[in-house]
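Written out below as structure tokens is the structure these notes cover.
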Amino acid sequence: MFARLRGDFPILDERVGESPLSYLDSGATSQKPQCVIDTFTEYYAQRNAAVHRGAHTLAVRATDAFEGGRAAVAGLVGGAPEQVCWTKNATEALNIVALGIDRASHGFGGEAAKRFAIGEGDSIVVTEMEHHANLVPWQQLAASTGASLRWLPVTEAGELDLSELDSIVDETTKVLAFTHVSNVLGTVNPVDTLVARARAVGSAVVLDACQSVPHMPVDFVDLDVDFAAFSAHKALGPTGLGVLWGKPELLDALPPVLTGGSMITTVTMENTEFMPAPQRFEAGTQPVAEVAAFATAVGYLVEVGLENVYAHERELAEVLLDGIAEIPGIRVLGSAEQRIGTVAFDVEGVHAHDVGQYLDSQGVAVRVGHHCAQPLHRRFGVTASTRASTYLYNNVEDCQRFLAALAEVRPFFGVGEQAS
Amino acid sequence: MFARLRGDFPILDERVGESPLSYLDSGATSQKPQCVIDTFTEYYAQRNAAVHRGAHTLAVRATDAFEGGRAAVAGLVGGAPEQVCWTKNATEALNIVALGIDRASHGFGGEAAKRFAIGEGDSIVVTEMEHHANLVPWQQLAASTGASLRWLPVTEAGELDLSELDSIVDETTKVLAFTHVSNVLGTVNPVDTLVARARAVGSAVVLDACQSVPHMPVDFVDLDVDFAAFSAHKALGPTGLGVLWGKPELLDALPPVLTGGSMITTVTMENTEFMPAPQRFEAGTQPVAEVAAFATAVGYLVEVGLENVYAHERELAEVLLDGIAEIPGIRVLGSAEQRIGTVAFDVEGVHAHDVGQYLDSQGVAVRVGHHCAQPLHRRFGVTASTRASTYLYNNVEDCQRFLAALAEVRPFFGVGEQAS
Amino acid sequence: MSTQMQQLYQQVILDHSRSRIGNSALLGENAAGPHGYSHQVNPTCGDEIELETELLEDGRIAVRWSGDGCSISMASASVLSELADDSTIEGMLKIEGQFHELMHSRGTMEADEEVLGDAAAFTGVSKFPARIKCALLSWVAFKDALNQAQTAREEKRHA
Amino acid sequence: MSTQMQQLYQQVILDHSRSRIGNSALLGENAAGPHGYSHQVNPTCGDEIELETELLEDGRIAVRWSGDGCSISMASASVLSELADDSTIEGMLKIEGQFHELMHSRGTMEADEEVLGDAAAFTGVSKFPARIKCALLSWVAFKDALNQAQTAREEKRHA
């Protein structure tokens, strides 16, 4: 199956200079199958209109596409369609929660929002492996409310260090925000343990599902999280679209951050009443074509089967890890058992930028830098790393081309045994 | 020229039931020429990657498309590329300003942001003809800071009533936010007069340019506004993309609202430093394909020439207004001389929803409801109106089909002379 | 004229939208029996309805409403009031259930005229997704107001 | 091996990236002459440089820096320091101007080796937009630090 579906992704036929392309940067953004691309053409040529507004026929077609996307996503991650709020990306979704709590803490949202209010003496807990998108908004919330920010450290193996869990997440904790899967290490975190502790102390749970939803079966209802966020573009979908998922009673109580058209019931010059979720978080014209395209992507993923995607990527991860182990002077960051097909590493004596440049000259696309996780890199004593990340369209040949190129990096830069 | 370019818009060949389509709802969202649709295909099949991050070749191609879009927009509306910040829609852009001022007023953004801080005794001024997107965020800012919200009223002719301008915009005024063109009445407001008054009292000026940028030549530098906002989807571009334009020194000083990846310089667990504009407002993965498509749209608009678009729509507006005047029982809202091709009206005895439904049955797509401007409708004594809005692809035939259908509305519902 | 339009705007609907049954002043606290009140807004167009239910001695319900909206929403409120005049609480709940289902059927359901009476004329509306909210506005208000009236009666009994 | 790669990673660059000229402890307030300091970060990768300029009696500039980054950014800082050793302030500003222009030329400009010396080896970098920032990092820091040093000298004179 996986050999066949590679043909659905036109960009994989591109050439980089003289080399074919091996795209190992899906952790940053995924490529799109032809059917997703075609949805844009179909949408703009046949159904484009403002949704939820016009009585006219195009508006009805557009609204169907838009609401159909909600149902598709709910089918993928659990819950009802109304639990799916559209955002521009996962970052906005996480900010909507953090800033909504900020506004609740400053008296917005009335009686219903009081459950979210935090202040001095309260704590917010994150982890040391968070993407900046799930760290900076919480820092800002702490600064704005006087709550303290705490974090769970990361072990040398690249797993969460839970030895102090009970003292870090304690009775003062009002929000526990963590990533399901590390975008650098590929580690899958133990959601159950963390949710159980949060429930024990009455804390809300916010899950960053950016790197899990595209790569493995995920059900937010089963996981019993309160809010979750992910991006369409990492899951075969388009840029410009993210998802905020939440428990219904929490979504309806959280004060909106962005306000304007299509999210109100009554507006006078002095005062405004907001709609319930999902509309209350969807101010202004929404990314409708993007929703239509993402619905196609979700259909594609469901047809392939997320458990198959996960198994496929695990195989590729083994090829990568075994191959890297045989190349001298490479240190892989983390060694967690529970992982997806994402591998970050440091090349002794060669900066990640130079590693990436060399790999690119061989047609191998990887990501270099801090991957929006500076604290995690600091934890491992580096400022930058090189990351290879796989997806359902990658094959063993991609991994082998990557490994062959990687073996040449230190010799090219005159570092290590071969050069001495 | 205009007859020819109609063929560039594939959706205009769609049929609604048995009728051809006359799309007169461009005020809500515009249709897209084939070249814009093709840009999606081209982008996702040849250059899709995360921007500003990878060293690899696709990432360079994607970054070129992304930054090229900024340059194209700056070419259209004036200023340097760095003055163009991408948002999800115009609503987000306006919120970024209002919420940025909110954060500055609560101590965020350090010394540089103090220029934005407002509080009790200060005033924010809007107008009675604002779209909810340029009203509700200012209500929220007033509630959050203790500043008062004032507004310029609207005359029976649908123009701003400036008789009390000097007392409404006074020394206490810190923000004057108004729309360039009314999305309901089509009225073009006198930016010069308003900016002059704002400058006299030292107030910042925020321009809602949603209905001007797509329909007429606009240069924000010439207009001397501080911030401006508009959406791509109303200007032949895709959904999911808006623009916040600002003066450089103001953008760099305004605290960001959405925080996360790609907008930071240094992040520790405790603290974060933000980049200057435009990146400081572009947290997370951006709508890159949308930017590429909008660059194509801007190129198309520039080639047609905005002064030609304006003249073309003015002609259509005359056809609409003259034709409506001959149909009994129709009251047009407003009668401003300075206007674009947007006409809203009330049909005596028939609710706007029913009007729109009847027009749709004849293939004429208009918008019905309050058009996200409830206070303006209240001002004219109605809760809803019907709006016909033109764009460069409309022709006189569209207007005539609209007028013919409109003449049938009251008879169909058994109202008025014909029925009595 | 398309037949879809004729299906949507049945003569029954146009008639009800003009001479509106139940469209009368609300009594509020002056109502004799246990009563409830609901205010519903259609956020797309600003249409609104205020609707009051009062539980009468004989197990029936009086409905009074006032509102501003399109022919579909006004006719729907009028038909609702007419039906309430002739029904018990249980009967109205049954009608409400069937009407709700009919509206979400996208034209695939056959209306049971025995149960729905004039409300069967709204079958065509279900093919116009943008108008379903119009047809349901008064019914949502009715269900809400009825609930409150029943709660009020319970409270009175236990007081 | 693609020739683009060889153009990018000239031997001069690889050499400078390994034996780095000017990479030495900063003196801060202990510097004898008027001095300036700048800290620059490349937000994409976290690469950083701290760079110090000191104006010497003879109209020349001493440059000291410490940093962590890719071969391009480290080599660039090293070449900058080497050039500073042999130049006047005016000379360095001229080099800086030309280098800046070269980096933004996308490979269309011919480097003037007379002026640029070893810095001409960075011509290939201009074809790699993602790497231009790396090459310019130390030069941005230099310009900033030089500015400060000149301001400090002015202040001293007028004090």
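Chains here go by letter, A, B, C and D, matching the order in which they are written, and residues are numbered from 1 within each.
The working rule: a residue touches a chain if its C-beta (ideal position, glycine included) is under 8 Å from a C-beta of that chain, and two chains touch if they have at least 3 such contacts.
These figures come from a predicted structure and were not determined experimentally.
Going only through chains that touch each other, what is the minimum step count from subunit A to subunit C?
The distance in steps between these two chains is 1.
What's the chain with its C-alpha centre farthest out from subunit A?
C
Take the average of all CA coordinates in subunit C, do the same for subunit D, and state the distance between these two points in whole angstrom.
Centre-to-centre distance between subunit C and subunit D: 77 Å.
Please report how many Å separate the Cα centroid of subunit A from that of subunit D, as a whole number.
38
What whole-number Å value describes the gap between the mean CA coordinates of subunit B and subunit D?
Between these chains, centre-to-centre, one finds 45 Å.
Which positions in subunit B touch two or more other chains at once?
Residues 17, 53-55, 59, 262, 264, 266, 353, 357, 368-369, 374 of subunit B each touch two or more of the other chains.
Using the touch definition from the top, which residues of subunit D touch two or more other chains?
Expected reply: 44, 46, 128, 131.
Would you mind writing out the residues of subunit C in touch with subunit B in their complex?
Within the complex, subunit C contacts subunit B at residues 1-2, 4-5, 8-9, 14, 18, 44-48, 68-72, 74, 128, 131, 134.
Can you list the residues on subunit A that touch subunit D in the complex?
Listed in rising order, the residues are 17-18, 350-354, 357-358, 361, 368-370, 374, 377, 383-384, 412-414.
Spell out the residues on subunit A that touch subunit B in their complex, using ranges where they run on.
Residue positions touching the partner: 10-11, 14, 16-17, 21, 23, 25, 28-29, 31-32, 36-37, 40-41, 44-46, 48-50, 53-59, 87-92, 94-95, 99, 106, 108, 128, 131-137, 139-140, 143-144, 149, 151, 231, 233, 238-242, 257-262, 264, 266-272, 283-290, 353, 356-357, 359-360, 364-369, 372, 374-375, 378.
So in the complex, which bits of subunit A are touching subunit C?
My answer: residues 52-55, 59-60, 63-64, 262, 264-266, 275, 279.
Given the complex with subunit B, which residues does subunit D contribute to the contact?
Going through subunit D, the ones touching subunit B are 41, 43-44, 46, 128-131.
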